[in-house]
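Same chain, two partners: chain A is paired with chain B first, then with chain C.
On to the complex of A and B.
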């Protein structure tokens, strides 16, 4: 009977499922408890308010604005990271002198603590003393760019910092995918006279699709959660230009101490994201089959 | 594995990834384990020997000095003290989470008076008057040695809730050399300030910003903008206790803030916090700034600043002869005693020791700061050599400092945040000053009437 269980793969997942399930249930349960009360840390008592927090959220323009900025941030950062990561992986997927060194150096941004990289970028972007403006000035492209202090550029600047940090991660996954790719289909295509674009589009890309999907999902989930670099670089400003939902929930929870309301914001975004991603995941895996 | 289970597993993963909150980093406990009292002292001298207290301190030079001097206290009293030092931005949420769970983990919490109102409102902290009147445990407590304005700021409804550790006010800092070169008088009104900023920017061909101020959304820009709010004759709260930010005075203050910064301020000022603002001025790239008195110490520090000795200090300008309150701030950070503390007397001994003049004077040679709350420490040689250039203007600013400079009510944090967003919107021309303030005022009043 044990043999039977061992052979069935579910048995191996069971402990993990159990731990994850219990943890999620506890956190979820407590979150829901907080969501239906009006807990504010500067008040000594709280009371049951039912769905009031949720109806307040639906009328909260600042919350909806932050949700749209979260989408803009996550989608554009992930898209650029996938594109750059793919390009890098393809470009470096050939033998050359110092390949290992280059690949290792590329990973440095990724292993840096996000708070530190945010601080570094904040200094880089400094409009009066930063090196970004200095080098742009040297190139004759103007040295008065207002990277973090203007509504138009602040979001772009934060996305650039995120792309700098996480493109190596995408590169790592895709490079591993390329390394593991069987060479026969490519050789066959070459023998059949396929052009290099045809080989890429009809052979490499389909074979790389699983890696691309993993990279995409991990990056998009992670970028929705992004908090540290925004907190350090702009605190959601200027004029809310970079305030994502996470940042807004932080302000509500840890600046205004509206713990219940912050929980409601996070619960709502969790539901939306979970629904979106499970649908997306199902679609994508169906499409591959 | 069937499809349902797979979906379930994936959503669980997604949930667990997303729900993970914001971890607090940077909490380094600086507990000083050693220094257990030797048994030689008579037991009668140490009635609290063997007691243990835990103290949450703000990352600040005073806290560093307290940490260094702590073995003296442990030796003297036999009380074991665990210090936790965290950055200011994490301090209040950490304290409140522990207070609200009634864990009694911290006996003493150091924080800004702005948050003290929330602590008192939540019933988390203990009035100190009965401890202070108990002579047997108040040997270190000398009321007369505290800067009187600082000590008064720690009182709510005539009850003393904390002991001041350090404080500051705000003043105008200007470049004496540039003012002389361009023939500018020290600004007395905001019109003078605008004129001076214009002159510098124009005569230096845009090389030097006329003025730099904090623009970063939130407490950063509010802390400086409030000078203009009061100076133009506005106020935070009216007699009915509602916010008064729609007043013509407040609108004028924001219009002025926006105009002076957009016309004569530095590039990128909308994301300037205390640090960026201070650095730009120290590097000589701006002719004036209005900020905390503690900046004087940075201006006069040759390791930090390229304008040592070139800075003049003056009271903040005001526009009206009849302000509703002073236009310079009075910010005080003090130690509060938790209601849940099991060792209130031992905690009181520590609070009085840490804020006593002997320790504050010693802190002058360990890690000096211009905000010391002890009058005796201000007479210390180290204080005078380091901070002499701005000491008198600082003391004048403190004497005129307005305890209501920021709204002193439990909800102040949220009001400050709403207002900070409004200032930022006006600075970036996303909303007119009047509309931005109207929006903030609406949010604030909704909050205040929701009691």
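On to the complex of A and C.
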């Protein structure tokens, strides 16, 4: 009976597991094969090089620079998105005329085609004809900023575009959390004479913690993978100022055709991401319990 | 007192208006630029009122590669989404209703394939496809998009199936339905809202996808997001046609997305948020 049950379940699970499992096996197997050889698609032959790619990676300042830029990008974009998203959710958490419409309109940045959004921001940031500089000039904040062209501002500019794209997502998660929040604890706190800050800090924030955790987790995982907007806005430039590890692996693999070396860069990121993910996931499930 | 309330609510609406301006300006700019002639497009100060023209659309629709790419995008995202949904529905049914060993491990495995960066998979697949000479083919692109959407589609559908009371499924068994019949005749019709939402969300994700398309497509299978970046050339960028093409690419997905907005967050958080 039990065996029959297992067999029955397996038949339903099988197709997906076969596709995902076989693909993962091929990807892992080939990645390891490629990592220990020096495959370059421009050269015709490749040979076994052992751990040379890994030792090259440890001496590759560009790779470590890209990793630190990935951390700067992901952490600051995620932090700003959480902060803005929380502010937005609290600000709009009241009945008002047009509430549904506002929520609908806020969906737009996250479903717009990212490549197109990146192109729009690129035009906005144009130092001579862009509307960002024009309106900043009108406000007396200077109209000569070279947003995407200077090493100081390029990263900030890309982060602003990412914040624009993903703050609504954080907002919607937190707004759903606020909607589902029971009203009794807040009322009890009010009766007990808690100030509005105390109510927020001691009642709302702890109750919102699971939603905040989910938003944080999904944003940090996906921001590490950000490719589209960086590719169309800067391609990692100027002078590597916005080159994240993802972008660097792309350039090594598909511009320089150093397939082996790109794989090694990738395997290293994935180990770091998986480590990040598993520790965070453990903490998240603890927080939800 | 009433005056103060009115002032406060005016202030509140002003805040809401500022927020909407920030989040909406890119879309409004894109759509309005697509109807501007080249002189108005980059006028400083920016022109928000102008004489509309359809030249940019005419220009884009004259390009044969645009229609080719449009057809490719429709074909690839539609077929990959349908395949993905078929696989995902069967798997999600088992994950939602059956008890079996290592179930939570399987869930974690599916979740982890959602977490892995796509470029990790792209390098070996690209290398193998070049070796076999099958890059720039529809079949491979469809397979890649199906693979990309499969993990989230499974996890999303599980939450919809779990919302259906298990008594309904048991009642079907009592009435003599087989497992397969119950799945097709009882569960799937009840979960059609969830199926539609999953369908639309994976359609949007495949339609908007850029990196896989950039690497895996050639002249023949190029999709719209890849084509759009080719409007940026060394001679400069044709912003007018580009904004028309951008508007054309985005509008169907915006309509779809707004249509399923209630399910969107649930889908994008894989059921963690209802």
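To be clear about the criterion, the second predicted complex is superposed on the first by the 254 of 289 C-alpha atoms of A that agree within 3 Å, B and C clash if a C-alpha of one lies under 4 Å from a C-alpha of the other, contacts with A are read in each partner's own complex, and residues count from 1 in each chain.
Heads up, the rule we're going with is that a residue touches a chain if its C-beta (ideal position, glycine included) is under 8 Å from a C-beta of that chain, and two chains touch if they have at least 3 such contacts.
A quick note: this is a predicted structure, and the numbers were derived from the prediction, not measured.
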Superposition on chain A - do chain B and chain C clash or fit: clash
A:221 touches, of chain B and chain C: first, second, both or neither? both
Partner chain in contact with A:240 - chain B first, chain C second, else both or neither: first
Partner chain(s) touched by A:59 [first = chain B, second = chain C, both, neither]: neither
First (chain B), second (chain C), both or neither touched by A:183: neither
First, second, both or neither for A:127, with chain B first and chain C second: first
First, second, both or neither for A:47, with chain B first and chain C second: neither
Of chain C and chain B, partner touching more chain A residues: C
Touching partner for A:115 - first (chain B), second (chain C), both, neither: both
Which superposed partner A:255 touches (first chain B, second chain C, both, neither): first
Contacts of A:147 with chain B and chain C, given as first, second, both or neither: first
Chain C region in steric overlap with chain B, selected from 116-124, 152-160, 170-178 or 242-250: 116-124
Touching both chain B and chain C, residues of chain A: 9-10, 13, 17, 20, 23-24, 27, 31, 41, 115, 129, 221, 224-225, 227, 250, 253-254, 266, 269-270, 273-274, 277
Complex contacts: residues of chain C adjacent to chain A: 9, 12-13, 15-16, 19-20, 22-24, 26-27, 29-30, 42, 44-46, 87-88, 90-91, 93-95, 98-101, 106, 109-110, 112-113, 115-128, 130, 146-147, 150-151, 154, 179, 204, 207-208, 210-211, 214-215, 225, 228-229, 232, 239, 242, 246, 249-250, 253-254, 257-258, 261, 264-265, 268-269, 272-274
Contact footprint of chain B on chain A as seen in their complex: 9-10, 13, 17, 20-21, 23-24, 27-28, 31, 41-44, 115, 126-129, 144, 146-151, 154, 221, 224-225, 227, 234-241, 250-251, 253-258, 266, 269-270, 273-274, 277-278, 281-282
Chain A-facing residues of chain B, complex: 1, 5, 7, 9-20, 22, 25, 93, 96-97, 99-100, 118-119, 121-124, 215-218, 266-272, 276, 279-280, 283, 285, 410-411, 413-414, 417, 421, 424-425, 427-428, 430
Of chain A, residues touching chain C in the complex: 5-6, 8-10, 12-13, 15-17, 19-20, 23-24, 26-27, 30-31, 34, 39, 41, 88, 91-92, 96, 98, 102-117, 119-121, 123-124, 129, 131, 134, 164, 167-169, 172-173, 176-177, 180, 211, 214, 218, 221, 224-225, 227-228, 231-232, 246, 249-250, 253-254, 259, 262-263, 266-267, 269-270, 273-274, 277
